[in-house]
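Look for chain A in each of the two complexes below; its partner is chain B in the first and chain C in the second.
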Partner chain A sequence: MTISTESMDGEITRVLLDGRLDIQGAATIDLRMNVLAGSCKFLLVDLCNVSFLGSMGLRSLVLPAQAVHRRGGKVALFGPPPMVEEVLKASNIDKVIPIFHDLDSAVASLC
Partner chain B sequence: MSDLHASDHAYLEVMFADRPEQVVPVHELPFFVGRGRENGNHLSLDDLRISRKCMAISEGASGLLIEDRGQRDGIFVNGEPTKGRPLADGDRIRLGTDDGCQLVFRLNLEADLKQEAESKLRSLLGSWGGGSADELKGLRLLLEATSLLHSQLPLESVLATMLDHAIVITHADRGMLLEPDVSGVLQVRVARGRDSESLDPASMNPSRSVLGKAIELESAVINEDLNLADINLQSAQSVVLQLLRSSVVIPLMGAPRGTDASSTDIAPRQLLGAVYLDSKRTSTFSALDRQILDALGAQAGSILDNARLIEHERERQRLEQELSIARNIQQALVPQGLQDFPHLALTGIHRPCHEVGGDYFDVWPLPDGRIALLIADVAGKGLGAALLTTMLQGALSGMTLGVDPVKVFDHLNRFLCDRAAVGRYATMFFGLVAPDGIFEFVRAGHPSPLLLRRGQVTELYSEGSFPIGLVAQASFSSAQIQLQPEDTLVLFTDGVTEAEGKQRELFGTDRLIGALGRHRDSSPGAVQTGILDAVEKFTGGTSQSDDITLLVVRYRGVGESAIPTAGSPAGV
Partner chain C sequence: MHDAQDRLELDSRLTELSRVQPWIEALANQNGFSEDALFAMQLCIEEALANVILHGYRGEPGHPIVIEASVSAGSLWFVMDDQAGPFSPLEPLPNNWTEPATLESIEPGGHGIRLLARFAGSLTYERLSDSNRLTIGFPLPCKDASS
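Take a look at the complex of A and B:
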């Protein structure tokens, strides 16, 4: 699991996740995600290269997103592969963090 | 030895048929034995055959006494039942009627071992000459023998013996063994004077400057007196303070141990500690052979190294034992030998992938005749997840008392979200099957159970729901369907659908539906076996990476034995 970030226009931080978001993957990104959640206003979480989303991984996405919400910011999930999207939807997470499949809409939702 | 100190050398050997042998010193009188740490037990035997208050060893007029403190079926010494009697070395104590639970009482084990060690040493050493070559040979043999024996002796006494001999050989006044504490600062662990007396480690105050030098050089430093020493005077304060003329410091370095077999880097040698010898007389150590010091350092280092490995091993064993207790408790909480009900036949399995797991299921009848079914999966694995399942089970068992399950789910969700530090959440599915086939359920992010009806497999729901304890604003609701006779429900956790094949592909819901569809008329047991077989075939022997839990329920219909009439089921 790797995590990297890039800045986009409009104070948006794009977080690129790559690999399996299982227990180990979650442990790898937790700290970085928490730091990002504490410092960024608009988070675009790019899930295009996440091949597996487990229950601990789900938590690593939801808790930082809630922290951003509490600070008045917004979070969007972008491009989850089918298996990952299925897990997100089964847990109703799409009701709290919107999921997008095209980048422009994802960015638009954050502005 | 006075009676008062008899306990210094009394031991109990724990000889249980099904656990590793253990030697436990009787370090305090009275010494209590029993199950668990409560009741002030000094020796806790986690075995259900042992009563919580089992026995005690206490001081008698002429030695140590055994007393029965309430062991079920009594205490037997050498086969004779007893309420209380004096103990002699070698007495066999049986706890209760089971031969598998025995203790052997030992007196002076340490002294015996020491004597044995001494006699072995004497025979090994043979003629003890005066020359340094003889001393060296003697020393090597001595230390080899000591390191062989140290597994039987308490570590402290091995170290003390080693220091005593180092003192004799170097003609020092006193010797100490130092070990790094958690912050890496060397602290005196054992201190000995001439004539094998124990000194208080806290009052030793060895020269830090000489120690520092030896550690820096990674070799023995002989410090004859301040003028000769290659140490600047400023940093040599403690040497002056103690008015010590000469000292020897031998750093003890562990053998380099690579953490990774493929790594070609040589790991730096680890500092295990140091032997520090000093004398108030000048020139005590000047004639010492360096080889002697090196041999001493190498051997003392290996003793310490081994001792540490043994300590780690003991710690590991202890943790393993605790885990197996946790597993036993968890297995005991899962319903044993699921009972069928007039309108339901059921079977279930919980197969944790670790010692303890985060999945569980439960089945229990409500007073109104409905049967409650629950399956839950706590995020994560191992002990942390298992602790939360146990809490959930406790909270949910409250539903037996007629509490609305939706309210219980709401409450649990708030409870866990308020305590975010718990760091876990759970998916759950809870259902109530009434005798007339009305099936009400509440779901919390859990995969939909599958319904097998006349060979057709469907999901109860396809939309999502919030898990418990992840999203504070989540709310829960119940839904209901009408079951028909011979309908089969399969409740499962994602360990089934996320079982991985050799290419890391997932078993998936479609394969599960396929496996289930083949079992139109099978019994619940056969359905369960069929699913497990399909998963096993799919994974092809890859190790299970998540808990697997299944609950298979067959609705038998109203039948003659069903008591309440079909109609308005009480609201959940």
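Take a look at the complex of A and C:
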């Protein structure tokens, strides 16, 4: 699992995740995600290249999203592959963190 | 199918999960499962193992977990045995689970059992004399009648 970021217009930070967000993958990104959650106002988490998501990976998405929200910011999820989206929906994460497959819509939701 | 390839003996450490993924992938490929089915298998086994390690054995290494795989009655079965105290992963499943109203109200963790129940083809728990047994089944893919 790798994590990288890029700055977008409107104070949006795009977080690009790549690989398996399993227990090991979650441990790899947790620290970086927590730092981002403490410093960024709008997070666009790009899941296009996430090939697997388990419950520990969910935790790595929800905890930073809660931290950003508490600081008055917003988080959106972008482009999860179908099975990854199934996991998000089965856990009801989609009810509290919006999922988009269109980048413009994802960006608009954060502005 | 009863050879060494169909049995995996693990220690109660999360790092052991790295041995499980390729084992499941080989079994899935042998039996013609799709990528989505492989995803479901890996998800279920990872969640079940994490449950045993973190809750059954309370995160203590040095305890055995054995997974045996077999094909029968149109399904691929994973039978997971551990020697932790009685612990059914199915019991905590809440029947009255409500949708989270806000981001703050959702639990960041604790989704593993729900995912296991959602993605497994079938799921059975038995308490044996001194061990827990979880059996997870996945229906074999239908063979194309024209081939």
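In this section, the second predicted complex is superposed on the first by the 111 of 111 C-alpha atoms of A that agree within 3 Å, B and C clash if a C-alpha of one lies under 4 Å from a C-alpha of the other, contacts with A are read in each partner's own complex, and residues count from 1 in each chain.
By our rule, a residue touches a chain if its C-beta (ideal position, glycine included) is under 8 Å from a C-beta of that chain, and two chains touch if they have at least 3 such contacts.
Because the structure is a prediction, the values reported are computed rather than measured.
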Chain A as common anchor, with chain B and chain C clashing or fitting: clash
Partner chain(s) touched by A:109 [first = chain B, second = chain C, both, neither]: neither
Which superposed partner A:24 touches (first chain B, second chain C, both, neither): second
Comparing the two partners chain B and chain C, which touches a greater set of residues in chain A: C
First (chain B), second (chain C), both or neither touched by A:82: second
Touched partner set for A:69, first chain B, second chain C, both or neither: second
Which of chain B and chain C A:94 touches, first, second, both or neither: first
Shared chain A surface residues [contacts with chain B and with chain C]: 23, 54-56, 58-59, 62-63, 66, 83, 90-93, 95-96
Of chain A, residues touching chain B in the complex: 23, 54-56, 58-59, 62-63, 66, 83, 89-96
Of chain C, residues touching chain A in the complex: 14-15, 17-18, 21, 36, 39-40, 42-43, 46-47, 50, 99-100, 102-106, 108-112, 114-115, 118-119
In the complex with chain A, residue positions of chain B that touch it: 377, 379-381, 420, 423, 425, 427, 445, 447, 463-467, 470-474, 494, 498, 506
Complex interface listing, chain A residues touching chain C: 22-24, 52, 54-56, 58-59, 62-63, 65-66, 69-70, 82-83, 86-87, 90-93, 95-97
